[in-house]
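Please read through the structure below; I'll follow up with questions.
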Amino acid sequence: MSPLKPGQALALFVVGAVGGLIGDAAHVQTGTTTYLSDAFPFIWESAIWFPLAVGLATVLTGDLRLRLGPVEPWQGERLREAATAIASVLAIYAVSALVSDRPEMAGTTLVVMLAVICVARFASGPPALICALAAAVLGPIAEIVLVEVGAARYGIDADGLFGVAVWLPALYFAFGAVVSRLTELLVAEPAADSATA
Amino acid sequence: MSPLKPGQALALFVVGAVGGLIGDAAHVQTGTTTYLSDAFPFIWESAIWFPLAVGLATVLTGDLRLRLGPVEPWQGERLREAATAIASVLAIYAVSALVSDRPEMAGTTLVVMLAVICVARFASGPPALICALAAAVLGPIAEIVLVEVGAARYGIDADGLFGVAVWLPALYFAFGAVVSRLTELLVAEPAADSATA
Amino acid sequence: MSPLKPGQALALFVVGAVGGLIGDAAHVQTGTTTYLSDAFPFIWESAIWFPLAVGLATVLTGDLRLRLGPVEPWQGERLREAATAIASVLAIYAVSALVSDRPEMAGTTLVVMLAVICVARFASGPPALICALAAAVLGPIAEIVLVEVGAARYGIDADGLFGVAVWLPALYFAFGAVVSRLTELLVAEPAADSATA
(Lines give C-alpha, C1' and ligand atoms only; values in the text may rest on other atoms or scores of the structure.)
Protein backbone atom coordinates (compact mmCIF):
# COMPACT_ATOMS: atom_id res chain seq x y z
CA MET A 1 0.00 0.00 0.00
CA SER A 2 1.23 3.45 -0.80
CA PRO A 3 2.36 5.68 2.07
CA LEU A 4 0.48 8.47 0.25
CA LYS A 5 -3.12 9.07 1.32
CA PRO A 6 -5.61 9.22 -1.59
CA GLY A 7 -6.03 12.99 -1.33
CA GLN A 8 -2.27 13.51 -1.34
CA ALA A 9 -1.84 11.24 -4.36
CA LEU A 10 -4.62 13.10 -6.16
CA ALA A 11 -3.00 16.47 -5.44
CA LEU A 12 0.33 15.27 -6.83
CA PHE A 13 -1.40 13.78 -9.88
CA VAL A 14 -3.21 17.02 -10.69
CA VAL A 15 -0.10 19.18 -10.24
CA GLY A 16 1.90 16.83 -12.45
CA ALA A 17 -0.72 16.55 -15.16
CA VAL A 18 -1.36 20.31 -15.35
CA GLY A 19 2.35 21.11 -15.21
CA GLY A 20 2.99 18.56 -17.95
CA LEU A 21 0.34 20.16 -20.16
CA ILE A 22 1.85 23.63 -19.70
CA GLY A 23 5.42 22.52 -20.35
CA ASP A 24 4.48 20.28 -23.26
CA ALA A 25 2.61 23.13 -24.97
CA ALA A 26 5.87 25.12 -24.89
CA HIS A 27 7.76 22.14 -26.34
CA VAL A 28 5.22 21.53 -29.12
CA GLN A 29 4.85 25.20 -30.10
CA THR A 30 8.61 25.65 -30.38
CA GLY A 31 9.04 22.41 -32.33
CA THR A 32 11.15 20.91 -29.55
CA THR A 33 8.86 17.86 -29.73
CA THR A 34 6.32 16.72 -32.30
CA TYR A 35 3.61 14.09 -31.87
CA LEU A 36 3.67 11.65 -34.78
CA SER A 37 0.34 9.92 -34.20
CA ASP A 38 -3.23 11.11 -33.81
CA ALA A 39 -4.45 7.73 -32.57
CA PHE A 40 -5.31 9.40 -29.26
CA PRO A 41 -7.32 12.58 -28.68
CA PHE A 42 -5.45 15.78 -27.88
CA ILE A 43 -5.83 18.14 -24.92
CA TRP A 44 -4.42 21.56 -25.79
CA GLU A 45 -1.14 20.66 -27.55
CA SER A 46 -0.65 17.22 -25.95
CA ALA A 47 -1.82 13.71 -26.76
CA ILE A 48 -4.01 12.74 -23.83
CA TRP A 49 -1.62 10.07 -22.57
CA PHE A 50 1.13 12.65 -21.93
CA PRO A 51 -0.41 14.57 -19.00
CA LEU A 52 -1.72 11.28 -17.58
CA ALA A 53 1.80 9.82 -17.71
CA VAL A 54 3.35 12.89 -16.07
CA GLY A 55 0.66 12.86 -13.37
CA LEU A 56 1.32 9.19 -12.72
CA ALA A 57 5.10 9.75 -12.64
CA THR A 58 4.53 12.52 -10.10
CA VAL A 59 2.56 10.19 -7.82
CA LEU A 60 5.15 7.42 -8.17
CA THR A 61 7.99 9.83 -7.37
CA GLY A 62 6.15 11.06 -4.27
CA ASP A 63 5.48 7.47 -3.24
CA LEU A 64 9.18 6.65 -3.64
CA ARG A 65 10.15 9.69 -1.58
CA LEU A 66 8.07 8.52 1.39
CA ARG A 67 9.37 4.94 1.17
CA LEU A 68 12.98 6.12 1.22
CA GLY A 69 12.94 8.05 4.48
CA PRO A 70 10.99 10.03 7.04
CA VAL A 71 9.89 13.64 6.44
CA GLU A 72 11.12 16.34 8.78
CA PRO A 73 8.58 18.74 10.34
CA TRP A 74 8.10 21.81 8.13
CA GLN A 75 8.75 25.30 9.39
CA GLY A 76 7.50 28.14 7.23
CA GLU A 77 4.85 28.90 4.66
CA ARG A 78 4.01 25.78 2.64
CA LEU A 79 2.14 27.54 -0.16
CA ARG A 80 5.07 29.91 -0.80
CA GLU A 81 7.51 27.00 -0.96
CA ALA A 82 5.20 24.93 -3.18
CA ALA A 83 4.70 27.82 -5.61
CA THR A 84 8.45 28.41 -5.80
CA ALA A 85 9.16 24.72 -6.41
CA ILE A 86 6.52 24.27 -9.11
CA ALA A 87 7.47 27.53 -10.85
CA SER A 88 11.15 26.56 -10.79
CA VAL A 89 10.73 23.31 -12.69
CA LEU A 90 8.25 24.86 -15.14
CA ALA A 91 10.68 27.72 -15.76
CA ILE A 92 13.39 25.17 -16.61
CA TYR A 93 10.87 23.34 -18.84
CA ALA A 94 10.20 26.61 -20.69
CA VAL A 95 13.92 27.39 -20.99
CA SER A 96 14.47 23.97 -22.56
CA ALA A 97 11.82 24.82 -25.16
CA LEU A 98 13.32 28.25 -25.89
CA VAL A 99 16.87 26.95 -26.41
CA SER A 100 15.84 24.03 -28.60
CA ASP A 101 16.81 25.74 -31.87
CA ARG A 102 20.18 27.01 -30.62
CA PRO A 103 23.52 25.18 -30.58
CA GLU A 104 22.95 22.19 -28.33
CA MET A 105 25.95 22.80 -26.04
CA ALA A 106 24.91 26.28 -24.86
CA GLY A 107 21.29 25.34 -24.23
CA THR A 108 22.26 22.09 -22.53
CA THR A 109 24.73 23.87 -20.24
CA LEU A 110 22.03 26.35 -19.21
CA VAL A 111 19.39 23.68 -18.53
CA VAL A 112 21.84 21.47 -16.63
CA MET A 113 23.07 24.33 -14.43
CA LEU A 114 19.51 25.50 -13.66
CA ALA A 115 18.64 21.91 -12.73
CA VAL A 116 21.64 21.70 -10.38
CA ILE A 117 20.56 24.95 -8.69
CA CYS A 118 16.98 23.61 -8.46
CA VAL A 119 18.03 20.30 -6.91
CA ALA A 120 20.43 21.99 -4.49
CA ARG A 121 17.56 24.27 -3.44
CA PHE A 122 14.74 21.72 -3.06
CA ALA A 123 16.29 18.30 -2.32
CA SER A 124 16.09 17.90 1.46
CA GLY A 125 18.57 15.02 1.70
CA PRO A 126 19.58 11.61 0.31
CA PRO A 127 16.00 10.31 -0.21
CA ALA A 128 15.06 13.35 -2.31
CA LEU A 129 18.35 13.13 -4.20
CA ILE A 130 17.66 9.48 -5.01
CA CYS A 131 14.21 10.47 -6.32
CA ALA A 132 15.82 13.13 -8.51
CA LEU A 133 18.41 10.67 -9.85
CA ALA A 134 15.76 7.97 -10.46
CA ALA A 135 13.68 10.48 -12.43
CA ALA A 136 16.77 11.61 -14.38
CA VAL A 137 17.38 8.00 -15.50
CA LEU A 138 13.88 6.58 -15.93
CA GLY A 139 12.18 9.62 -17.49
CA PRO A 140 14.50 9.87 -20.48
CA ILE A 141 14.43 6.06 -20.95
CA ALA A 142 10.62 6.21 -21.16
CA GLU A 143 10.83 9.03 -23.72
CA ILE A 144 13.49 7.18 -25.75
CA VAL A 145 11.05 4.26 -25.97
CA LEU A 146 8.29 6.63 -27.11
CA VAL A 147 10.58 7.94 -29.85
CA GLU A 148 11.57 4.40 -30.83
CA VAL A 149 7.95 3.29 -31.22
CA GLY A 150 7.21 6.37 -33.33
CA ALA A 151 4.83 8.13 -30.96
CA ALA A 152 6.80 11.38 -31.00
CA ARG A 153 10.13 12.85 -32.03
CA TYR A 154 12.45 15.61 -30.87
CA GLY A 155 13.59 18.47 -33.11
CA ILE A 156 16.76 18.07 -35.18
CA ASP A 157 18.76 20.33 -32.85
CA ALA A 158 17.45 18.58 -29.71
CA ASP A 159 17.79 14.85 -30.35
CA GLY A 160 21.40 14.14 -29.43
CA LEU A 161 20.70 11.52 -26.72
CA PHE A 162 19.31 8.40 -28.47
CA GLY A 163 16.69 10.56 -30.15
CA VAL A 164 15.79 12.73 -27.17
CA ALA A 165 17.40 15.98 -26.05
CA VAL A 166 20.74 15.91 -24.24
CA TRP A 167 19.26 18.19 -21.56
CA LEU A 168 16.29 15.85 -20.91
CA PRO A 169 17.89 14.03 -17.92
CA ALA A 170 18.54 17.42 -16.30
CA LEU A 171 14.88 18.44 -16.67
CA TYR A 172 13.77 15.18 -15.03
CA PHE A 173 16.46 15.64 -12.33
CA ALA A 174 14.84 18.95 -11.35
CA PHE A 175 11.39 17.34 -11.61
CA GLY A 176 12.34 14.61 -9.12
CA ALA A 177 13.64 17.07 -6.54
CA VAL A 178 10.61 19.34 -6.88
CA VAL A 179 8.14 16.46 -6.53
CA SER A 180 10.01 15.27 -3.45
CA ARG A 181 9.68 18.71 -1.90
CA LEU A 182 5.96 18.92 -2.79
CA THR A 183 5.43 15.50 -1.22
CA GLU A 184 7.22 16.62 1.94
CA LEU A 185 5.03 19.75 2.08
CA LEU A 186 1.92 17.57 1.81
CA VAL A 187 2.80 15.17 4.61
CA ALA A 188 5.07 17.12 7.01
CA GLU A 189 3.97 17.84 10.56
CA PRO A 190 4.12 21.53 11.54
CA ALA A 191 7.43 22.50 13.15
CA ALA A 192 7.18 22.89 16.90
CA ASP A 193 9.80 25.62 17.07
CA SER A 194 7.50 28.36 18.32
CA ALA A 195 6.07 25.99 20.95
CA THR A 196 9.43 25.46 22.65
CA ALA A 197 9.41 28.87 24.29
CA MET B 1 -1.13 62.71 3.00
CA SER B 2 1.16 59.97 1.87
CA PRO B 3 2.77 57.77 4.50
CA LEU B 4 5.95 58.09 2.41
CA LYS B 5 8.36 60.85 3.41
CA PRO B 6 9.50 63.08 0.50
CA GLY B 7 12.98 61.55 0.41
CA GLN B 8 11.54 58.04 0.35
CA ALA B 9 9.12 58.93 -2.43
CA LEU B 10 11.97 60.49 -4.41
CA ALA B 11 14.12 57.38 -3.99
CA LEU B 12 11.29 55.16 -5.26
CA PHE B 13 10.63 57.54 -8.17
CA VAL B 14 14.27 57.53 -9.27
CA VAL B 15 14.61 53.74 -9.02
CA GLY B 16 11.40 53.27 -11.00
CA ALA B 17 12.25 55.82 -13.68
CA VAL B 18 15.79 54.51 -14.23
CA GLY B 19 14.65 50.88 -14.16
CA GLY B 20 11.90 51.73 -16.64
CA LEU B 21 14.43 53.34 -18.99
CA ILE B 22 16.70 50.28 -18.86
CA GLY B 23 13.91 47.76 -19.40
CA ASP B 24 12.21 49.84 -22.07
CA ALA B 25 15.44 50.11 -24.04
CA ALA B 26 15.55 46.29 -24.15
CA HIS B 27 11.92 46.21 -25.30
CA VAL B 28 12.43 48.84 -28.02
CA GLN B 29 15.70 47.39 -29.36
CA THR B 30 14.18 43.90 -29.67
CA GLY B 31 11.01 45.23 -31.31
CA THR B 32 8.89 44.04 -28.39
CA THR B 33 7.40 47.53 -28.27
CA THR B 34 7.46 50.43 -30.73
CA TYR B 35 6.59 54.06 -30.06
CA LEU B 36 4.21 55.36 -32.73
CA SER B 37 4.42 59.06 -31.98
CA ASP B 38 7.26 61.56 -31.71
CA ALA B 39 5.06 64.24 -30.16
CA PHE B 40 7.20 63.99 -27.02
CA PRO B 41 10.99 64.13 -26.75
CA PHE B 42 12.87 60.89 -26.27
CA ILE B 43 15.34 59.91 -23.54
CA TRP B 44 17.54 57.03 -24.73
CA GLU B 45 14.97 54.73 -26.39
CA SER B 46 11.90 55.94 -24.46
CA ALA B 47 9.37 58.73 -24.95
CA ILE B 48 9.89 60.95 -21.93
CA TRP B 49 6.48 60.17 -20.42
CA PHE B 50 7.39 56.48 -20.03
CA PRO B 51 10.07 56.71 -17.31
CA LEU B 52 8.00 59.42 -15.59
CA ALA B 53 4.97 57.10 -15.57
CA VAL B 54 6.98 54.15 -14.23
CA GLY B 55 8.52 56.36 -11.54
CA LEU B 56 5.07 57.59 -10.54
CA ALA B 57 3.68 54.04 -10.51
CA THR B 58 6.56 53.03 -8.25
CA VAL B 59 5.72 55.80 -5.77
CA LEU B 60 2.00 54.95 -5.85
CA THR B 61 2.74 51.26 -5.27
CA GLY B 62 4.98 52.08 -2.32
CA ASP B 63 2.30 54.41 -0.93
CA LEU B 64 -0.29 51.63 -1.26
CA ARG B 65 2.01 49.16 0.51
CA LEU B 66 2.29 51.43 3.56
CA ARG B 67 -1.46 52.11 3.67
CA LEU B 68 -2.25 48.37 3.62
CA GLY B 69 -0.29 47.30 6.68
CA PRO B 70 2.62 47.89 9.04
CA VAL B 71 6.22 47.09 8.10
CA GLU B 72 8.14 44.57 10.19
CA PRO B 73 11.59 45.52 11.49
CA TRP B 74 14.29 44.50 9.01
CA GLN B 75 17.08 42.16 9.95
CA GLY B 76 19.98 41.91 7.54
CA GLU B 77 21.73 43.96 4.89
CA ARG B 78 19.31 46.34 3.17
CA LEU B 79 21.52 47.19 0.22
CA ARG B 80 22.06 43.52 -0.62
CA GLU B 81 18.30 42.85 -0.51
CA ALA B 82 17.48 45.97 -2.53
CA ALA B 83 20.05 45.08 -5.21
CA THR B 84 18.67 41.55 -5.46
CA ALA B 85 15.07 42.79 -5.72
CA ILE B 86 15.79 45.44 -8.38
CA ALA B 87 17.99 43.07 -10.39
CA SER B 88 15.31 40.36 -10.26
CA VAL B 89 12.56 42.42 -11.84
CA LEU B 90 14.94 43.92 -14.42
CA ALA B 91 16.14 40.41 -15.30
CA ILE B 92 12.51 39.37 -15.92
CA TYR B 93 12.02 42.57 -17.97
CA ALA B 94 15.03 41.62 -20.12
CA VAL B 95 13.82 38.02 -20.47
CA SER B 96 10.46 39.31 -21.72
CA ALA B 97 12.30 41.31 -24.38
CA LEU B 98 14.44 38.34 -25.44
CA VAL B 99 11.50 35.93 -25.83
CA SER B 100 9.30 38.38 -27.72
CA ASP B 101 10.02 36.86 -31.14
CA ARG B 102 9.55 33.25 -30.02
CA PRO B 103 6.30 31.24 -29.80
CA GLU B 104 4.19 33.14 -27.28
CA MET B 105 3.42 30.11 -25.08
CA ALA B 106 7.03 29.23 -24.23
CA GLY B 107 8.07 32.80 -23.52
CA THR B 108 4.94 33.49 -21.52
CA THR B 109 5.44 30.37 -19.40
CA LEU B 110 9.00 31.43 -18.62
CA VAL B 111 8.08 35.01 -17.69
CA VAL B 112 5.09 33.88 -15.57
CA MET B 113 7.13 31.30 -13.66
CA LEU B 114 9.97 33.77 -13.02
CA ALA B 115 7.39 36.26 -11.75
CA VAL B 116 5.92 33.66 -9.39
CA ILE B 117 9.39 32.91 -8.02
CA CYS B 118 10.05 36.65 -7.66
CA VAL B 119 6.79 37.34 -5.80
CA ALA B 120 7.26 34.29 -3.54
CA ARG B 121 10.75 35.60 -2.73
CA PHE B 122 9.96 39.28 -2.11
CA ALA B 123 6.31 39.63 -1.03
CA SER B 124 6.37 39.83 2.75
CA GLY B 125 2.68 39.09 3.26
CA PRO B 126 -0.87 39.97 2.19
CA PRO B 127 -0.25 43.75 1.82
CA ALA B 128 2.66 43.14 -0.55
CA LEU B 129 0.68 40.49 -2.42
CA ILE B 130 -2.20 42.94 -2.88
CA CYS B 131 0.27 45.49 -4.28
CA ALA B 132 1.57 42.87 -6.71
CA LEU B 133 -1.94 41.92 -7.82
CA ALA B 134 -2.99 45.56 -8.18
CA ALA B 135 0.03 46.23 -10.38
CA ALA B 136 -0.70 43.08 -12.41
CA VAL B 137 -4.19 44.40 -13.19
CA LEU B 138 -3.70 48.16 -13.48
CA GLY B 139 -0.37 48.19 -15.31
CA PRO B 140 -1.57 46.20 -18.32
CA ILE B 141 -4.85 48.17 -18.43
CA ALA B 142 -2.84 51.40 -18.65
CA GLU B 143 -0.73 49.94 -21.45
CA ILE B 144 -3.81 48.65 -23.31
CA VAL B 145 -5.13 52.22 -23.26
CA LEU B 146 -1.80 53.50 -24.61
CA VAL B 147 -2.03 50.98 -27.46
CA GLU B 148 -5.68 51.93 -28.12
CA VAL B 149 -4.84 55.64 -28.40
CA GLY B 150 -2.01 54.85 -30.79
CA ALA B 151 0.90 55.92 -28.58
CA ALA B 152 2.71 52.60 -28.93
CA ARG B 153 2.25 49.04 -30.08
CA TYR B 154 3.57 45.61 -29.20
CA GLY B 155 5.29 43.28 -31.69
CA ILE B 156 3.17 40.85 -33.70
CA ASP B 157 4.33 37.88 -31.60
CA ALA B 158 3.73 39.74 -28.33
CA ASP B 159 0.29 41.33 -28.61
CA GLY B 160 -2.06 38.51 -27.62
CA LEU B 161 -3.74 40.29 -24.69
CA PHE B 162 -5.88 43.13 -26.13
CA GLY B 163 -2.85 44.40 -28.02
CA VAL B 164 -0.27 43.97 -25.25
CA ALA B 165 1.82 40.89 -24.44
CA VAL B 166 0.24 37.96 -22.62
CA TRP B 167 3.16 38.01 -20.19
CA LEU B 168 2.68 41.71 -19.30
CA PRO B 169 0.56 41.08 -16.16
CA ALA B 170 3.29 38.75 -14.87
CA LEU B 171 5.95 41.42 -15.34
CA TYR B 172 3.83 43.95 -13.39
CA PHE B 173 3.11 41.26 -10.76
CA ALA B 174 6.85 40.97 -10.10
CA PHE B 175 7.18 44.77 -10.21
CA GLY B 176 4.54 45.19 -7.47
CA ALA B 177 6.24 42.72 -5.13
CA VAL B 178 9.68 44.24 -5.70
CA VAL B 179 8.45 47.80 -5.08
CA SER B 180 6.74 46.61 -1.89
CA ARG B 181 10.01 45.13 -0.68
CA LEU B 182 11.96 48.28 -1.58
CA THR B 183 9.42 50.37 0.30
CA GLU B 184 9.75 48.12 3.35
CA LEU B 185 13.54 48.45 3.18
CA LEU B 186 13.21 52.25 3.11
CA VAL B 187 10.94 52.57 6.13
CA ALA B 188 11.68 49.51 8.34
CA GLU B 189 13.15 49.95 11.79
CA PRO B 190 16.33 47.96 12.40
CA ALA B 191 15.67 44.54 13.94
CA ALA B 192 16.49 44.44 17.64
CA ASP B 193 17.76 40.86 17.52
CA SER B 194 21.35 41.69 18.38
CA ALA B 195 20.19 43.94 21.22
CA THR B 196 18.48 41.09 23.07
CA ALA B 197 21.76 39.63 24.30
CA MET C 1 53.76 32.41 0.10
CA SER C 2 50.15 31.83 -0.78
CA PRO C 3 47.66 31.44 2.05
CA LEU C 4 46.18 28.60 -0.04
CA LYS C 5 47.44 25.10 0.70
CA PRO C 6 48.57 23.15 -2.41
CA GLY C 7 45.50 20.90 -2.36
CA GLN C 8 43.18 23.89 -2.08
CA ALA C 9 44.93 25.67 -4.94
CA LEU C 10 44.70 22.52 -7.06
CA ALA C 11 40.96 22.18 -6.36
CA LEU C 12 40.35 25.79 -7.42
CA PHE C 13 42.50 25.32 -10.52
CA VAL C 14 40.59 22.22 -11.63
CA VAL C 15 37.17 23.79 -11.03
CA GLY C 16 38.20 26.90 -12.94
CA ALA C 17 39.77 25.02 -15.86
CA VAL C 18 36.84 22.62 -16.28
CA GLY C 19 34.28 25.41 -15.88
CA GLY C 20 36.18 27.50 -18.42
CA LEU C 21 36.11 24.62 -20.92
CA ILE C 22 32.35 24.16 -20.51
CA GLY C 23 31.53 27.85 -20.80
CA ASP C 24 33.95 28.42 -23.66
CA ALA C 25 32.41 25.56 -25.66
CA ALA C 26 29.06 27.38 -25.41
CA HIS C 27 30.70 30.62 -26.54
CA VAL C 28 32.50 29.01 -29.49
CA GLN C 29 29.52 26.96 -30.69
CA THR C 30 27.24 30.01 -30.67
CA GLY C 31 29.82 32.17 -32.44
CA THR C 32 30.08 34.45 -29.41
CA THR C 33 33.85 34.02 -29.62
CA THR C 34 36.12 32.64 -32.33
CA TYR C 35 39.74 31.57 -32.01
CA LEU C 36 41.84 33.11 -34.79
CA SER C 37 44.99 31.06 -34.40
CA ASP C 38 45.74 27.33 -34.36
CA ALA C 39 49.28 27.85 -33.06
CA PHE C 40 48.26 25.97 -29.92
CA PRO C 41 46.51 22.59 -29.66
CA PHE C 42 42.81 22.53 -28.87
CA ILE C 43 40.95 20.77 -26.07
CA TRP C 44 37.29 20.34 -27.01
CA GLU C 45 36.43 23.80 -28.44
CA SER C 46 39.17 25.77 -26.63
CA ALA C 47 42.79 26.60 -27.36
CA ILE C 48 44.71 24.90 -24.56
CA TRP C 49 45.85 28.17 -22.99
CA PHE C 50 42.23 29.20 -22.26
CA PRO C 51 41.32 26.63 -19.56
CA LEU C 52 44.83 27.00 -18.11
CA ALA C 53 44.35 30.78 -17.87
CA VAL C 54 40.91 30.44 -16.26
CA GLY C 55 42.26 27.88 -13.78
CA LEU C 56 45.13 30.21 -12.90
CA ALA C 57 42.75 33.18 -12.54
CA THR C 58 40.64 31.08 -10.20
CA VAL C 59 43.64 30.31 -7.98
CA LEU C 60 44.76 33.96 -7.99
CA THR C 61 41.25 35.14 -7.07
CA GLY C 62 41.09 32.64 -4.20
CA ASP C 63 44.54 33.75 -3.04
CA LEU C 64 43.41 37.39 -3.11
CA ARG C 65 40.29 36.53 -1.12
CA LEU C 66 42.35 35.05 1.71
CA ARG C 67 44.81 37.94 1.76
CA LEU C 68 41.98 40.48 2.06
CA GLY C 69 40.32 39.17 5.20
CA PRO C 70 39.58 36.26 7.50
CA VAL C 71 37.02 33.58 6.65
CA GLU C 72 34.04 33.07 8.96
CA PRO C 73 33.24 29.55 10.17
CA TRP C 74 30.82 27.83 7.80
CA GLN C 75 27.48 26.53 8.94
CA GLY C 76 25.63 24.25 6.55
CA GLU C 77 26.32 21.84 3.74
CA ARG C 78 29.42 22.85 1.81
CA LEU C 79 28.83 20.62 -1.21
CA ARG C 80 25.32 22.03 -1.72
CA GLU C 81 26.63 25.60 -1.55
CA ALA C 82 29.57 24.86 -3.85
CA ALA C 83 27.31 23.20 -6.43
CA THR C 84 24.92 26.17 -6.34
CA ALA C 85 27.76 28.67 -6.71
CA ILE C 86 29.48 26.87 -9.60
CA ALA C 87 26.17 26.22 -11.41
CA SER C 88 25.18 29.89 -11.01
CA VAL C 89 28.20 31.33 -12.78
CA LEU C 90 28.10 28.64 -15.50
CA ALA C 91 24.40 29.38 -16.05
CA ILE C 92 25.26 33.06 -16.56
CA TYR C 93 28.11 32.01 -18.89
CA ALA C 94 25.60 29.97 -20.95
CA VAL C 95 23.07 32.82 -20.98
CA SER C 96 25.76 35.16 -22.33
CA ALA C 97 26.35 32.68 -25.17
CA LEU C 98 22.64 32.36 -25.94
CA VAL C 99 21.99 36.11 -26.11
CA SER C 100 25.06 36.88 -28.22
CA ASP C 101 23.10 37.16 -31.50
CA ARG C 102 20.31 39.32 -30.03
CA PRO C 103 20.21 43.11 -29.63
CA GLU C 104 23.09 43.89 -27.29
CA MET C 105 21.05 45.96 -24.81
CA ALA C 106 18.57 43.23 -23.89
CA GLY C 107 21.18 40.52 -23.51
CA THR C 108 23.50 42.80 -21.58
CA THR C 109 20.73 43.82 -19.19
CA LEU C 110 19.93 40.17 -18.49
CA VAL C 111 23.56 39.16 -17.91
CA VAL C 112 24.25 42.19 -15.71
CA MET C 113 21.17 41.62 -13.56
CA LEU C 114 21.92 37.91 -13.14
CA ALA C 115 25.47 38.84 -12.12
CA VAL C 116 24.15 41.32 -9.52
CA ILE C 117 21.88 38.61 -8.07
CA CYS C 118 24.82 36.16 -8.07
CA VAL C 119 27.18 38.57 -6.29
CA ALA C 120 24.50 39.57 -3.76
CA ARG C 121 23.97 35.85 -3.06
CA PHE C 122 27.58 34.69 -2.80
CA ALA C 123 29.77 37.64 -1.77
CA SER C 124 30.23 37.31 1.99
CA GLY C 125 31.47 40.85 2.57
CA PRO C 126 33.92 43.54 1.42
CA PRO C 127 36.84 41.15 0.69
CA ALA C 128 34.67 39.03 -1.62
CA LEU C 129 33.23 42.15 -3.22
CA ILE C 130 36.73 43.44 -3.92
CA CYS C 131 37.60 40.10 -5.54
CA ALA C 132 34.49 40.38 -7.72
CA LEU C 133 35.33 43.96 -8.73
CA ALA C 134 38.96 43.07 -9.42
CA ALA C 135 37.84 40.22 -11.68
CA ALA C 136 35.33 42.51 -13.41
CA VAL C 137 38.15 44.92 -14.31
CA LEU C 138 41.13 42.64 -14.95
CA GLY C 139 39.33 39.82 -16.79
CA PRO C 140 37.96 42.00 -19.59
CA ILE C 141 41.30 43.85 -19.87
CA ALA C 142 43.07 40.53 -20.41
CA GLU C 143 40.53 39.55 -23.07
CA ILE C 144 40.80 42.95 -24.79
CA VAL C 145 44.54 42.32 -25.06
CA LEU C 146 43.86 38.87 -26.54
CA VAL C 147 41.60 40.45 -29.14
CA GLU C 148 44.17 43.16 -29.85
CA VAL C 149 46.94 40.63 -30.48
CA GLY C 150 44.64 38.67 -32.80
CA ALA C 151 44.30 35.50 -30.71
CA ALA C 152 40.51 35.61 -30.75
CA ARG C 153 37.57 37.82 -31.58
CA TYR C 154 34.03 38.34 -30.35
CA GLY C 155 30.96 38.13 -32.63
CA ILE C 156 29.73 41.26 -34.41
CA ASP C 157 26.78 41.61 -32.04
CA ALA C 158 28.95 41.06 -28.96
CA ASP C 159 32.02 43.27 -29.37
CA GLY C 160 30.81 46.66 -28.12
CA LEU C 161 33.45 47.11 -25.38
CA PHE C 162 36.83 47.62 -27.07
CA GLY C 163 36.27 44.45 -29.08
CA VAL C 164 34.85 42.30 -26.28
CA ALA C 165 31.22 41.98 -25.18
CA VAL C 166 29.62 44.72 -23.09
CA TRP C 167 28.40 42.04 -20.67
CA LEU C 168 31.90 40.59 -20.14
CA PRO C 169 32.66 42.60 -16.95
CA ALA C 170 29.39 41.31 -15.45
CA LEU C 171 30.34 37.70 -16.17
CA TYR C 172 33.72 38.20 -14.47
CA PHE C 173 31.99 40.03 -11.59
CA ALA C 174 29.93 36.91 -10.90
CA PHE C 175 33.04 34.75 -11.36
CA GLY C 176 34.93 36.69 -8.69
CA ALA C 177 32.15 36.34 -6.13
CA VAL C 178 31.69 32.63 -6.82
CA VAL C 179 35.43 31.92 -6.55
CA SER C 180 35.53 33.82 -3.26
CA ARG C 181 32.72 31.67 -1.91
CA LEU C 182 34.39 28.46 -3.12
CA THR C 183 37.62 29.54 -1.43
CA GLU C 184 35.75 30.23 1.81
CA LEU C 185 34.13 26.79 1.62
CA LEU C 186 37.57 25.20 1.18
CA VAL C 187 39.21 26.88 4.17
CA ALA C 188 36.40 27.63 6.65
CA GLU C 189 36.32 25.99 10.06
CA PRO C 190 33.05 24.20 10.86
CA ALA C 191 30.56 26.42 12.70
CA ALA C 192 30.31 25.65 16.38
CA ASP C 193 26.63 26.51 16.58
CA SER C 194 25.45 23.02 17.54
CA ALA C 195 28.13 22.84 20.22
CA THR C 196 26.75 25.82 22.13
CA ALA C 197 23.81 23.88 23.58
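Here are some notes:
The chains carry the letters A, B and C, assigned in the order they are written, with residues numbered from 1 in each.
The definition used in the following text is that a residue touches a chain if its C-beta (ideal position, glycine included) is under 8 Å from a C-beta of that chain, and two chains touch if they have at least 3 such contacts.
Keep in mind that this is a model prediction, so the values were computed, not measured.
Superposing subunit B on subunit C by their CA atoms means rotating through 120 degrees, a value rounded to the nearest 5. By the residue-number overlap criterion, the interface of subunit A with subunit C counts as different, with under half of its numbers used by both chains. Chain geometry summary: the mean Cα position of subunit A and that of subunit C are 30 Å apart. In subunit B, there is no position where the chain touches two or more neighbouring chains simultaneously.
For subunit B in complex with subunit C, the residues that touch the partner chain are 22-23, 25-27, 29-30, 45, 80-81, 83-84, 86-88, 90-91, 93-95, 97-98. Contact residues of subunit A toward subunit C in the complex are 99, 102-107, 109-110, 112-114, 116-117, 120-121.
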